[in-house]
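Beneath this line is the structure, given in structure tokens, with notes to follow.
Chain nomenclature is as follows: A, B, C and D, assigned in order of appearance, with residue numbering initiated at 1 for each chain independently.
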């Protein structure tokens, strides 16, 4: 089989670097252009020393000229840049697959977009979370993919079986602890090592985080009931990983076994989603570097709530792993090619 | 003023070590016996090298003989040992103040005790959280104090103003991220540095953590309504600190300003509880080593929930700081003596 | 090609777990028995949740019966157990390849063994550091391999070119900062997360660490001069990785360029050893999970010393990666099969 | 006693914040102006939330006008700014004590200054390391103090007794692992939490770090022999603390006991320097937040080297603690006022 030629825009950042890390282990691709904004002209090895086989690549500027001529283009760009670039690429070759790791095309509701992002809605692309009902078919053969946000990925997967099965009233509370790489590689004082080590903090509290409407959208497809989402992200002292604690009122009494059985059934055919054995709870270390999702669920009778906990690697299944998984679907490859369920621990 | 003579049982553990650290800065006390179980006979400096002024102290065995003859005895012991020891000490000197950092005497409800601890209820002592209505008076001049659990301390303080003011329906969800010192100093594989660094995990999910009934008890005193508590503790990669994210359904629409005003009012006279300025959210690093409590609150209109976030040092205000604060109250000293609101950061 | 059948003894520990992680990505092997000591009978998924494809394997006891019938057996056992087990396995099938991650067969000098380990010397097996002169040939087709210690691996590789080329007097000083996984998974108080986070410490200071004679042995093969090694290991707050700072007096003035050129030349054909471009210094994050060695060297004219810094993942190239690399050599496979030079960062 | 009025310039940075933290516990001072550069106009509480009692202070600009009228002025400023400011302050009140946490006035050798800092030498002020012979007297009543660099503080204290007693040839090797706060609070990509967690790296290798000539200067005062210093700083994943591993060739055979005795004797009267009991090695966690220095020493007969290991808190004894200690000496107060030997652990 001839290899698919792939370009990565935003290759000096965390999302772009992780896409490249995964592509280096993907048997069906050849890595073409690697581009950056202000880092264009630098050796990739100086910025991403872990990508040793690509160390001598020089970052090119992120332009349509440079990105043209590839079968797949991954975009890890600031908000608002993906749409025009994708159009320009398609005008040169309408078979190009554009996989956008940014937010521009994730939301269907223009009003929600405008409320949370403060700009005009650019549109909606097939949503890159194949494990939610209906999504996989839309991704097969797609020429555009909007990779989900990391928090919505794990929050939606942790709640979907309960919402879809009607086990809960969809008035959900999500508190998700994330490593710092989710905040990106731009130098900001509050993200300095000295500030984050030994420290846990909350941010975007009270429904203002931009991933809130995305969770609402995902769960809303699973139930006719009104979905409410209270979402609080936490920053904790680790580079990678998200642990999401998700709960909702039980619609009717259910045992822990019944709740867990619903989850096992929902994900029985999913290659990356794993409901842990009863009694074992997810931890982020077990999924680092992998595309795996670890889930567990409990029914708290006294509190009247179902509690589901999920772990992913925010850069892998939360971003770049999902991007590669969706590329595989778009190209008609085996969905798991180049992806692993084996984490790096300890 | 002659100094109060103080003994610390369990001085080789984290709670006992922190009590000693604080007592070393307390102008009104003299440190007497320091005792331990299996570590008796060792130099304190070998086990707690940060307590340099006490490095040459030798740990004595934890017995009534050794602990007798002190004005105050702090207990940092395994469950079930505090009651008999306290009785024995009082039989020798009925003026002795016993401050118990363990759980034995925290709960009023014998059935709840038995459900969560699986043993007979030992009784109830004055509850060492002076900031909750009614507690401070019971602690003044007390001869027994049950120091609260670290999670109940911050969860109760973060929710109390909203519950007491009727801003919320007391059907609360608490997700609290804790440093590892809360799990104690006993060698356990899952607490090894290699296991906890780069890792976030949930435990005690679904209402089974022993701090759950303590939160319920504290909030139950503030409202005639039935209190439900869904509590999930998380372990995150830091030694100290708890960040609690607490939410509950709004009883009626309320603005963020109104919610925050209720908190400011509730804690206006509290020396250790600080409601941060609007827009600033708690972080654990800011309270490390201090007795301070940092709080902030938001009203999420779309989700219909009030969200309060609080930070404490689990070993300080969450255990040893509260213990010293209560000792001050018991002895009639200024409540803040030897305690600080200044954290160690970065 | 039919797959090689491999067993791993000590599969619940860090070395065994890492061997399994790498073998899961090795196209030429089939994983047979996974065994443990006190953890025999447990699900592997409960102890190594990151090894998802093996989660349902049950640990068998570490006995010759269980380990027999495999082409390759990896041993991650306490000192003193490897020799008898290897003999027993060979007596059943003399073609079996035994790769020992322990120390028993690393040293040639019986007196050094006895001084540092306090027991009788068991013998010497081919030394699993193919990058040092002479070693690779001895490993091709070998039926026994002694995998080097993690500190000797990086210290020897960081100093070998300078010693072999006579750039330095072999009176070396090594200070190596290691993550905590090097200390293993046994529960010990001083390795608790609360003790190691926010903490750096030295141990085995003054030439008493058991890896000292191994470094001496490796460098001694490269020079007729007497080799002296001052080795100090540090424990720093991370799970994986070793950063070794190695220096020695310059034998004659040399420029940084000349020193670096000697390193580049020495490792020009090595697939895993990478001398970084001038001006770039090794960091452990860049090699996590990989078999890569990153090196850089400086000449400090004022101090009259050559300073070389090297980084490896202690569990990968420092243990399990080397083990797989040596298995490849022993079996006549491509040396790099199943191994990567791509690290997991950030 | 009337309180000394103190100003802190650079109060939004780590050094300035730590000076303020210590001053809040100093019974003899009153905190006056707190100033900053680009952060002037902000609430201190927004930038240093751990300094709760000062949260409502507003940062003023760092000018002579603002800093005038104080008895003591602490400077935590970029290189090159301290001299002119100090002169301006003295011209207004020649009794003002200026304590400079920067490097401008540490070196005596103008050529060394110019080589390492690339600018004209500003002069030399009394050197704020009272524990080295001769320094304390110069600091009593001083009106200017140059606070030492953090690496020189611990490296010099760890080597001084051996060099002064002639136990070693002063051809020293220092490898010092530091927390990230030593690099300051300016936002830089390589200091992001995602980059430093799980990572150890070397920098300034080969004698180019600016603290090298300061170590040489300090040791040079203790011996007529030529001093050579090979210094390598490491960045390890913690916020605070330096662990320095320092070695030098033994001048003649010496036992570990003899070496340790020389250290005990040298520091017998020092309130902050503590030589640990034989067999116990320094760790940074034990000194966090304190002004304590923990030392231990070994004699490695086989390697022919003395190895000393020392730990300090880089922000406390390494910067702000030394600054307060020197202020005490300058003002004729007890040298230990407001300073502690009790660390914050775990």
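Rule of thumb we're sticking to: contacts are C-beta pairs under 8 Å (C-beta built on N, C-alpha and C of every residue); 3 or more make two chains touch, one makes a residue touch a chain.
If you're wondering where the values come from, they're calculated on a predicted model, not measured in any experiment.
By the residue-number overlap criterion, the interface of chain A with chain D counts as same, with over half of its numbers used by both chains. Greatest centre-to-centre distance from chain D is found for A, with centres as Cα means.
Each of B-C and B-D has its own count of C-beta contacts, and the greater count is at B-D. Checking C-D, A-D or A-C against A-B, more than half of the residue-numbered contact pairs recur only at C-D.
With centres set at the average Cα position, the gap from chain B to chain D is 35 Å. Chain B and chain C have Cα centroids lying 45 Å from one another.
Contact with two or more other chains is made by residues 14, 179, 181, 185, 192, 194-195, 197-198, 237-240, 283, 285, 288, 345-346 of chain B.
Within the complex, the chain C residues that touch chain D are 171, 173, 175, 177, 179, 192, 194-195, 197-203, 205-207, 212, 228-232, 234, 236-243, 245, 247, 256, 281-285, 288, 296, 298-305, 307, 309, 311, 345-346. Touching chain B in their complex are the following residues of chain D: 14, 17, 21, 24-25, 43, 45-46, 48-53, 55, 181, 185, 197-198, 239-240, 274, 276-277, 280, 283, 285-290, 292, 294, 340-346.
Here chain C touches chain B in the complex through residues 14, 179-181, 183, 185-189, 191-198, 237-239, going by the rule given at the top.
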